[in-house]
Structure formats: structure tokens, C-alpha cells
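For reference, chains read A, B, C, D and E in written order, and residue numbers begin at 1 within each chain.
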Amino acid sequence: MLRVTELDAGYGFLRVVHGISLQVNQGELVALLGPNGAGKSTTLKCIAGLVRPWKGDIAFRGHSIGGLRGDLVNGLGIGLVSESLNLFTGMTVYENLLMGAYSVPEAEKRRRSLDFVFSLFPRLAERRPQLAGTLSGGERKMLAIGRALMGGPSLLLVDEPSLGLAPKLTQQVFDALRKLSDDGLTILLVEQNVTATLEMVDRAYVLEQGEIVLEGSAQKLSESEHVKDVYLGVMA
Amino acid sequence: MALLETHGLTKRFGGLLAVNRVSLSVHQGEILGLVGPNGAGKTVFLNCIAGMLRPDDGRVSFQGADTTGATAERMCHQGLARTFQMPQPFPRMTALDTVLVAAQFGAPGNGMAPRELARRCLVEVAFPHPETTLVSGLNTVELKRLDLARALASRPKLLLLDELAAGLMTGQLGPLMDIIRRVRDSGVTIIMVEHVMPTIMGLCDRLAVLRQGEKIADGPTREVARDPVVIEAYLGERHKPDATSH
Amino acid sequence: MTAFLWRRRGLGVALLALAVLPLVPPFDAENFRRWLVISALLAGWAIAFDFTAGYINVVNFGFAAFAGAGGYASALVTIHYGLPIWVSMFAGVILAGILGFLTGVLTLRFRGIYAAVAAWFLGLALLGITRNVSPITRGPLGLIVPTFFSTDSNLPYYYVVLAMMLVTYLVLKAVTESRAGLAFRAIGQNMEAARASGVNPTRYRILNFTLSCMFAGWLGAFYAHYYAILTPDVMATSQTVQVLVAAYLGGRGSLWGPAAAAFPLVFSTEWLRSNLDRFPGLDLVVYGLALILVMVYYPGGFAELVHAIRDRRLRLPGLRMRTAAAPQPGEAGAVLSDVRE
Amino acid sequence: MSLAVQRLSREFRSPVTTGLIAGVLALAIFGVVRGGTFILVDSLVTGAIWALVAAGLALTFGVMGVPNFAQGEFFMVGTLSGYLVYTALSGVQGRPYVPFVTILMALVVGFVLGALVDLAVFSQMRRRIREGWVMNTFVVTVGISVVMINAHQLIWGTDYKGIVAYFDGPPIHVLGVSVALDRVFAISVAAVSIAGLWWLLSYSRIGRAIRAVSQDEPGALMVGINVGRMRTLTFAISSGLAALAGATLLFQFPSFPFVGVKPLYVAWTVVILAGLGNVGGAVVAGFIIALLEANTGFFIGSAWEDVVPFALIVLILAVRPTGLFGRAVRSVWEQ
Amino acid sequence: MSRGRLVVVALAALSLMAVSCGGTSGTTQQEFKLGIGGPYTGPVAKTGAEFQHAATMALEKVNYKIGNYKITPVWVDEASDPAKASSALEDAIVGKGIQMGCLNWHSSDAVAMMPVAGRHKVPYFFGMGATGVVNDNFNKDRAVNGYWMAKGWPTPQKLATPYGDAIQAFIDGGSYTPKHGKTVAIWGEDTDWGHSLTGAIKDKFTSLGWTVVDSQFFKIDATDHHTILNKFKSEQPSIIAGTSTAPETMSAFIKQAKEVGLDSVLIADGLGYVGDFYKLVGSASDGVLDMQPLFASPAAQQFVSTYKSRFGSEPSPSAAGLAYDWTGFCLKILKRTLDKYGSLTSDNIYKVGRDELWTGQLTYTDGIIMNEYKFSPDSIPDPVIGKGEYIFPVIQYKGGTGQIVFPPDVKQTNFTAPA
């Protein structure tokens, strides 16, 4: 469904991503793992059209979308939950969700999506008239995911869902993502929290210093010596 | 006597408690690692003690004097220097001028001319380009080097390093650790916020762990790293210690 | 000092050219000499303006008001105390300096557009006050000001204003190359990093504002004693706009760029004004369009063009490498113990 | 409704703001007691008009980060197109719908011209400029202002192109103060337009998208909003509002090249007092400025009418650097 | 930047400047260049346009010819800015070779232009910059500033006295009874003109035993006068007297005075400066007093209709009308110079001005506004004021046209007090 080939990207003079290639198939839940500053977020932003790639190709359903503007990428059915969430803090929860369905013309479809999001995150239904800026960290995260889902994406990109969340909340978010994936949504996830992520995803790539150093099924990766040494055994 | 002490330091942003009653002391000559998941409040904590943010509650004392709410420039004059998580360059200056700012305006020293000091600091961090290189052309890694040189040039007694190793290739970590060690050996106390575990384990004498703005552990590096509360904070609820220790 | 001057030999050449210019045809005609006077005055103002805008990154949109205040002070001291103009001009310097200091203090907490607009409003308030304290300033009736010379040529005026422009440039350039100049650039380019490096933004910002306004006021005094009439309109925003246009076309943060831009700018606009008199306003349309085009396509202005070429050379490794023996890595202990004691 | 309450409570949380509002109310009462009810009535009428002029300026800054120095020139475009349309309709003058047609046409002209300016200038700049956006666009709008003023003079000359009144008839009396029908018309247009703008921004899809762009640009891209188009639209709306105000006030501001200067100054005063980019605050600040002007004019003298507000605003800013209702200064505003 | 490139850039800048300097053309033998000043750009460009149109018509009247000289106008744009005005004049003199100048609008511009004219010894006639600063400067250094030969408009003080006299005459004649005793309120634009004119009005009324209850000045571009007018209303003066030169300001003032419901007599000096004022003010101007010369004679009517058909707007007597007459006077001076000396040089023109204009020998009686334009050793630089010479009658408007109500010997109608 998504194929990234030899992607180079960066900011100003700084190249952050060096020749990354990866692929996400229909219905998969794939993770992009790696330490801070490895280039994971930049890769996601390139796919979502927020950062212009320097080189390489991004293909979605066989069509090249590299360098396409963010709003057009969104229109093709790629939803992004960014690291900083990019919520509209001066709008209510309801308005934020409505904005998520900005490119959905049918009111009926928007209503169904809204019901779905509220069923997925009942907390948001309770907070419906509240300004997004006044939500707690976990609620914001739910809202960001909910907003991305409102557009009815066929591919969901999620950047660091565990960021800044208490373990219990992280788990709730992960459960929600797993459920979405089980319902057939294709998800590409960026995470630092390796253990929890590997338990949930189908496949993963490990990114270090802007390059992919490992890839494979979750099972295979959790057994990899490199992953054990660098990520799982960190505290031991 | 502790070089730096905080008592019940608290910082809120709107409804969010970014730093929640953190008490911590840093001793002369040590490297203290400040760790915790993203968003745990580490950088906010650094900003509070470095005068970038005014704490809502609690006290900070540096070298025995109360410095709560002191401005950043005053903290710098007193001998507290910091690097930034996101490098904060002077985009239209040369590398030398950048470092020279701190050498000119940092803590008072005697003897070395500021320009000479600035040059030595550039050499000290192994800055790879000529000193007349324009800052706007540097990459993040180089900017972080420069930031470190800038911090050193202000003649610190206490140095705060905010994720200095982030984004470095594995091969670059060693030289960086050597630099940090040398700085420590010259008598500078260091607090470092870091994610890269080998760096932490290899450098820090002591670790303090923050989670959700609260300090959840504080002690010698090895002990803290084995603390089940800490591991849970990092790895999530389902990962009891037995699941990961092997 | 010698080194300071030697590094300015380019300036010397330019200055020599400017000094000779009013003596060679076609520039020796009185009208062109007047254009040269206007250019040099605008250049001086643009230098003082750039000293704030290009270094601490605050646009003083009330600039003309400070210049005008200097003019009024100098004129009033000459009229009421009969002091020689050369002496009373310093009254202008002092008043403008004090006003600049107060503005610096009042706008201290503002950045960017807020600082610009706050300075603008202060300038407008100053203009209003000047208009209203008519017992002193004669308000809108206008104050007749004694002139420097009773000569029938613009030439001596030109050399006076050229010298004033040169002094403005040399003094402000020397400041920007001093310790204070480093502080200006630091707070202008990155406030956070500057403070973390120990720069006190308050002190340097006030210093900068005060100095810039002092020179603005000094040149304002020249304006007063050249045109022989002062009305509150010299403090109007449109006057600031002229200085701002020169400073932005010349490029910020160089001091010489704005000065260099002032001459061709004045000559081309005066030429347009003089030759398109059938279409009143067309010159200003051209002038506005030029400003828009430069800002859209080359916002760094003339100085940026020069800098860009020079900086490319700077970045080439090997070139301009210092030759002094460098300490080697590993001498950290030595370096840092030096640092500490 | 609860949303409005939430916002209000947020804005009045600061004791400084509450104090200032209380001060303004006290001033109004003082003015009415010592001067007469006309101070209150005139401030309300003038304030509504200033709010209309300033709302566009606030919107442009809030969404695009453009501190528009040429806002007064779009007001001028409004007076000009209002005049041209009104005189073209001279055959049917006197019919009550003519003024409405006139101001609607001016709105359209301002809107289209604003869109063109954005496409020709700001869109181009957006592609090129990374650094110093706010100050650079400010300087560019200075250029636009110079061009528009002199283009007017070149093409339409310097005549005062104005009208006596849109509506003939005796003034109406409010609280013992007579108010001409044209001013009733103006305050109605201002009220309707501000309400319309408020509705547009609060409840329409487009308005939400504009707010989204102002609150979080990457976020707006991420939900599929064409950010560039929204910016163009914002500038067009803002120019349209200024032109609408110009045409509405044609009876008081005949069209000539420099007619925009006074509205520009007032709009800037209002917007700075309210906090740059705060559209709602601009409405309140419009009344505050009008009240300040009226009281200064009455108690100190008309010649001081703008000195006192200017000086006061700088002092208020010294206490609250972001204005009365300003959002926290974001980095983009500091360039 | 390489030194070579710097040189290229410097040369480019220099050549741009040199090109600007180019186009200097000397005077050809039989061409005479006449500088005509005015605020062609800037906030009062409307007045500048009237100057330009009227001067053009005056030149056309003589077919651009004086003797065998072809007269070419050079427009000197003072741009409402002393710096720009003096630069434009110097450029006109040196760059374009004008040998004589006429007309100007602002007093402050005049002060800056005077030494330029003096330096190049180019006589400049009939600047309308009227206030005392011009006279002061003229008298201070006549050797230099005396080249600013004669003003086209006397100091406002000399003109303003008739208002007081007129009101007194109305009271004496029984056509007017002050409603609230002898009380007057003063208003005006906050400019040199506004202050000097209203100062004179105030002095006159005070000397006639009136009480000035208030005086208010406003910025020249102010169009909201409700505060002032409401204040006046509460103070109940019998007369409110003042001036503004900006049509938008003036028309707003008069309309709002009616809106507020003031019952005072309204003296609005300068309402007629713009010929089109009725389009802006409408019936609110009925009953307003002003001092304006009128287009009375058939020649004047002819001028008005030609002007309207050519330039599409209504000329004002005091701007276009006076500019037409003063330009005509300039041409007469040229003719006289040519007759007397045989050639048109600045020096000869200056001598004619000094010897014949200042002494009152050379006067102009072919004007459409005044009977006779005349100077005298006592009056210079101002024209001689008085009946038969330069005088502004007091007029009262009705339906957009003014009729003389004072002085009695020329009055066309009786003063009508407002109801």
C-alpha cells in the first residue's frame, strides 16, 4: 500500500534521513523504531507531505506522492497523528473532530465517523464542548487520533503515541491502535518504547542515525541481539 | 556542600504540571544523569534552574546562595552554563563569534583573553570546521558541538547538557564521552539529560529519574537502573522486571 | 586604530569618491549637489536606523520623531541662547538620546512587531506633543531656524553632512565591532542563547536605542539648520518610511549597505520626480514597486548580495584559516583550569 | 454558548485586563456624568466602525502573520469603488436599496483586489522567505500602501469624490443625542458585518478552516486544508471588510488618495490594544479607543485626541506586552 | 565579494546616479522656462491640480508666447514637504533652467524655498504660503529672501477681520440678534493656517466685546467632530467660527454641525476652497458664512465653464481662480520686462519686480477674481488689501452658491440668520 524508496530528507543544510526504504502492506500494523533523533518523525512527515523529500520516491497505492502538499496527501486517505499532535487548541473537542473530516463532504459519513470515534474514546464524548487546549495529555492524544480517523483514512501514520503518557494511558492508546488495526486499518507507527511496541505490531523497522539497520517481524526483532542489547536491555 | 540544590521545585503550564515538587542536589565534581521518558519534564527542570523559566513554587540554590527566579544571564555570570536540546544558534555569526559571546559575557575569569578562550573551546570540542565558518551552514551535530563550546566558554562551574548525544552515530559517541569526561576532570560539575543509554551508563555517577514531572528515583547509576519502578516507567506496566532482565 | 582604518580602505576610496563627486560634472551642478546632501543625510539616518534594525533586530518605526526632536532641540537652543550651531547641535544629540533611552526602557519587554509599533506610537505621541506645545515649538506654524552658512552654495553643507555621516558610520561601526556589538548581534539573532551566554539584553538594548537616537538627533539638527524650517511633519511616519526603505534596500546588519543604497535611491527618485512631472505620483508608484520587488525577491538587499558572495568564500575550508598555533585537543585540563581561575 | 463563556472567562482571568475594563467603564460613566450622554453614544457609533476597520487587520495578522500597513488603502479602495458605483447608480438614487448595493459592490471589489494582492505578493514571498516574515511583510505592505495611494492619484486624480449622505432625513434621537441616519446605517452595517464575521469564523466550514490555520498550520495541512488558499481568502476577507467600511463611511470620508491614513492609524491602535491577531478583542478595543478619543477631546482638547491614546496604549503595553486580550507571544510574532 | 565585482556594483550605482543627472538641458535661445509651484503630490494634491489646470489656461490664453519667447511651464512639485519643495525648486532652476517661478501653497515650503531662489537669484512670485513666517523671513534678509518677490495671499490676520465687522454690521442693521449673547466659539485645523487665521478672528471678536467660550483644534484629517460640536452645543455660543483647508474635514464638520443640531451662526472659512464642496456638504452648507472671492464677472464665468469642460471638476475661486490671475500677472511682468529690457533674464525680471512691482507701478487689472492686484512698499511681500484691490468679501451660502453679504457696498443679498 505504501512504498518508500531511497528517501533522503532534512532541514536546511542538515540531512536527517539517509536513503530509507520501507514498505507497508494493506492491513498491516508496522512500527518504525529507534532512538531520539534517528529520523523517524522526519520520515513520517515526508510521507504526510509536511516535509519535502530531497530525494527518493514515496508511492501510495502505486501512485507517487513524494513532494505532494500535505492537504492533498490527506485527501488521498493518509491520516497523520504527529508527535506534537498539532491540535487546534482554541477550538472545542467537537470542532477539532469536525476539522478532521474537513475533506469529507457527506454529512452522514461525518456523523458515522464521529460516532465511531466517540465509541473508541468515550472520554472525548464527555469532553465534547471543551476547548482542546484545556485537555489532559492523554485526552489530547485521543483527540489527535480521533481527528485523524475522522477523515476516514486508509493509512494512519502515528508518531510516538506513548510520548508523555503514563504507562496506563499508553496502554489504552496502544490497545485502541491494535483494535483499529484488527478492524482492517493500515497503520505505520513511530515509537521509542520498543518492548511494548514489539508486542503489538506485525512488523517493524529499526532506524538509527537516519538509516534502517534492522527490519523484520516483531517476533524476529524481539529476538535480535542488537535490539536486546540496545533497547531491551538498556536498564539491566 | 551541594553545588546546586532544589527544594520542591514546581512548574505548571496551564493545567499541566510539568515539574512537580522536585528536590534534588548535585555535588561538586559529579556527573548527574537526568533521565526519564519523553515529556517527563527534564528540559523544563533544566530551564527552571538555568533561569529560562521562573518556577511557580520551590527554591533553587546554587553555590549556597538562593537563585530562585534569577535571570538566565545572572545564572550564567554565577557559573552555570547550559546547552540546548534544540541547538539555539546565532544564525548570522561565525563559529568563533558564537563562542566569543559566551567568552565575553560569561562568568568572570582572569587571565585568558576572551578570543583565545573561545578558540580553545572550539578546539576542545573538536569543532571540525574553520572558526570563520558561518553558523547557518552547520548541521545539527555540528551545532551541538558549537553549543557545547559556547557553554564551556562561559567558564561554568556547573554545566547542564540537554540531550547532547541525540542524533549521533554510534561511532561518534566515544569521542563525545571523552570530551565530557575531560570537562568533568577539569573540575566542572555536570547535569546531563540523555536518552542514549550507553552514554548514560558510561558517564554518570548518579541518576535521577523523572516521570510525569515527579522524581521517582535518585541514586548511583547501577542501582537506579535496576529499580523496578524505573523500568516500569520506561517500559510500561506489563513489563515487570522479570520480563526484561536477562 | 590603524588596523581599524586599514580594514576600511574600501571605505576610504568610497569616501574620496563622494568627496570629489560634487566637483566633477555632471554632479557639480547645484541641484545635484543638493541631491548629494539629501543622499548623505539619508545615508546617515539609514546607518543609525540599521544600527537598531540590523543588529538588535528591532525596527524603530518612530525613528523620524527622534530625529525631529533632535532638530527642534538644536534649533531652540540656537534661537534662545545664541549658541553656535556646532555647539547647540549637541543639545539635539542629548535630547534625542534621552528620548531614545526612555523609549528603550518603555519598549524593553516587546519584541518584533510589538516593539516596532510601540516605538511608532511613541513617535506619533511625540509628534502630537510637538504640535501642541506651540508656545515653545510654534507648533504647526513652523520654526524658522538659523542656518549653518549664509553661503549661496550647497557645497559646504554637503561636506558637513558627509563628515557627519562618516562620523556616524565610524562610531557606530566601531561599537558594532566591540564587545557591545557582539552583544547586539547576539540578542538580535537569538535572545535565548544570548541570555544563556550571559548577555544582559536589557542593558544592551537600551544602549543601542540610545546611541541610535543620539545620531538620529544629531543628523536631525543638520536637517533643521539646512532647510531653515522645522514643522512637526518632520516627525511624521512618511519620513521614517524613507529611512526604512533605504535601510531595507541596502540590506540590514551591515551599516554600509543602507548608506550605499541611499545615494542611488535618492538620485533615482529625485530624477523620477523631476522628469515625470506630467504624471504626479508616478515616481512614487515606481518607488513602491521597487521596494515590493526587492522585498519579495531579494529581502536581504544589497548588502546581503555582497555578503552572500563573501560568505561562500568564507565557508571554503582552507581559505582564511588562521595561522596562529592552535592548541590541540587533549589539553582540556589546561584550557579549563585557565577558564576557572 | 458555553464556548463563548469559556473564552470570556479565559480573557478576564487576568486581573490587569479586568482592571482595565473596569477603568474604561469608569471613564465612560465619568464622561457621561461630566460631559453628557453624547460621549457614550458617539463612542458606541464610532467604536463600532473602528471595530469593523480593525477586525480585518487583526484577522490578517492572526492568520497570516502579516502586519498590514496598507489596510487604510483598502479602506480607500472601498471609498473609491463606493463612490463610482453610487454615482453610476445616480439614475435610481433615493431608492433605499442603492446604498446597500453600493457597499456590497465595494466589498466585492476589496475582496477581489485583496485576493490578487495576496497571490501577487504574499504567496510569492511565502515561497521564498524563511526568516523575518513578519517584519519583511510589514515593509512590503508599506510599499503596497505607497503604490496604491499614488496609483489612485494617477488614475482618478485628486478630487474629493464624496457624497452628501446616503439617507436624507432628520437625525434620530438616542438618549438625547441626535444621530444622523447615515451613522445609524454605518453602525448597523458594522454590527451586521461583525456578527457575520463572527458567525463565519465560529460556525462555517471555511471559517473553522481559517481559525485552524491561525492556530496550527501543520495541523491544518494534516486535516486536508489548503493552507495557501485559506491565507489568500483571509487577506481577501480582510481587504473586503476594510473596503466595506470605506464605502459605508463615504458620507464622512470622501474618496481621495490619502483617505486611508486616519483609519489605518486607528485600526492599528485598536489592534495593538486588543492584542495582535485577536479579532474578538478588536471589537472591545474599538470601543475603548473611541471612548478615549471622545473623552480626551472633551476634557483636554481635540488636538490631543490621538496623543493621549497613543501614549496610554504604550503604557498599557508596558504592563501587558501582548495587549489586552493578546494570546501569548508566539515565536512567529517575534521575527 | 571580489574587488572586481564591488567595482562593478559601485560603477553601476554611480552610473545610475549619473544617468539621473543627465537630461540637463540648457535654455535654448527663444525658450523661456517658467517654474510653476504647487503641491502636486501629497495630501493636498487637489489644490495642486487646480493650480496646474488654472496656470495651463492662463498660458494658453497668451498661446505660450511673450514676444518672440516661447513660454514652457516647469511644474515644481512641493509635495507638502519643505525638503522636497526646496529640492524640486533647485532642480527646476539648475536642472531645467527656469528663470522665474510663481505660485506655491504651504508657508513652510515657502520658507525652505526662499533661500534657494535667493541663492540662484531667480525671482519667485506670488507664493500662496501666507502665514507670518514668510513675511518674517522676507524681512529678515531681503538681499537673499527678497527673491521671494511677493506673496499671492496676505497674512491671514489681514484677511480675517471682516468677519467681526460683518457680524457687527448685521447686528447694527437689525438683521441679526445673537441668540446667546455675544459669545463665540473658535474651531480650526491644527496647522499653521488654522492657528493664525483663527487667532485673528478671535482677536477681532474680543476687541468687539465678544466672549470666546472655547477654542478647539483638530488634526487636519479629522472627520469626526461630534465631540467638539456636542461640547459647543452645551456651551451655547451664538457663533462658532473657524477654518479648515481640507475639504473632507470641513464638509464633515458642517454636516455634523447640522446633525448635532447647533443653532449657532456657523463661520466656516475656506469652505469654498474646493469648488465641488456642495457635492460633499449639500444643504448643510445653507446659511454658512465664508470669505471667498467669487467668480462674478463674465470673464470669470467663462473661465469656470471652460475649466469645467476641460478638467471635469468645479474650480474654486481661491485656488484655481487666484492661480489663474497670478499666473496672468506673471505673464504681464514678463511682457513688461521684455518691453523694458529686450530680453527675459532672471536679473531683468528681478529688476522689474523690485522697481515696478514693489513700488506699486506695475499692477494687474485683467484678473477674473480681484479688481486689481497691487503691491506697495508698505505692504510687501503682501498684496495691498482693500476695496478695489485685493479683498475677500464675506459670503453666505445657499444651495451651493455664495452671495456677498458684506461689505455693504458690494453686497448682493442680506444676511439671513439661521432659524
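Going forward, a residue touches a chain if its C-beta (ideal position, glycine included) is under 8 Å from a C-beta of that chain, and two chains touch if they have at least 3 such contacts.
What you are looking at is a predicted structure, and each value in this text was computed from that prediction instead of being measured.
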Between chain B and chain E, how many steps is the shortest route if every step has to go to a touching chain? 2
Shared chain contacts [chain D and chain E, defined touch]: C
What chain is the most remote from chain B, judged by the mean position of CA atoms in each chain? E
Can you work out the whole-Å distance between the CA centroids of chain A and chain B? 30
Chain A and chain D: spacing of chain centres that average the CA atoms, whole Å: 41
Separation of chain B from chain D, taking each centre as the mean of its C-alpha atoms, in whole Å: 48
If you look at chain C, which of its residues touch at least two other chains? 131-132, 280-281, 284
For chain E, which residues are shared contacts with two or more other chains? 41, 45, 48, 190
Quick one: which residues in chain B touch 2 or more of the other chains? 91, 137
Provide the full list of chain pairs in touch. A-B, A-D, B-C, C-D, C-E, D-E
In the complex, chain C residues that touch chain B: 179, 182-183, 185-186, 189-190, 192-201, 253, 311, 314-315, 317-322, 326-333, 335-341
So in the complex, the part of chain D that touches chain E is made up of which residues? 35-36, 38-39, 42, 46, 150, 153, 157-160, 162-165, 171, 177-180, 183, 251-254, 256-259, 261-262, 293-294, 297-298, 301-303, 305-306
Of chain A, residues touching chain D in the complex: 48-50, 69-72, 74-75, 79-80, 82, 85-92, 95, 98-100, 102-103, 129-131, 147-148, 150-151
Any idea which chain B residues touch chain A in the complex? 14-16, 37-40, 136-140, 163, 166-170, 195-197, 211-212, 225-226, 230-239, 243-246
Okay, in this complex, where on chain B does chain C touch? 50-52, 71-73, 76-77, 81-82, 84, 88-94, 97, 100-102, 104-107, 109-112, 117, 119-121, 123-124, 126, 129-134, 137, 150-155, 157, 179, 182-183, 185-188
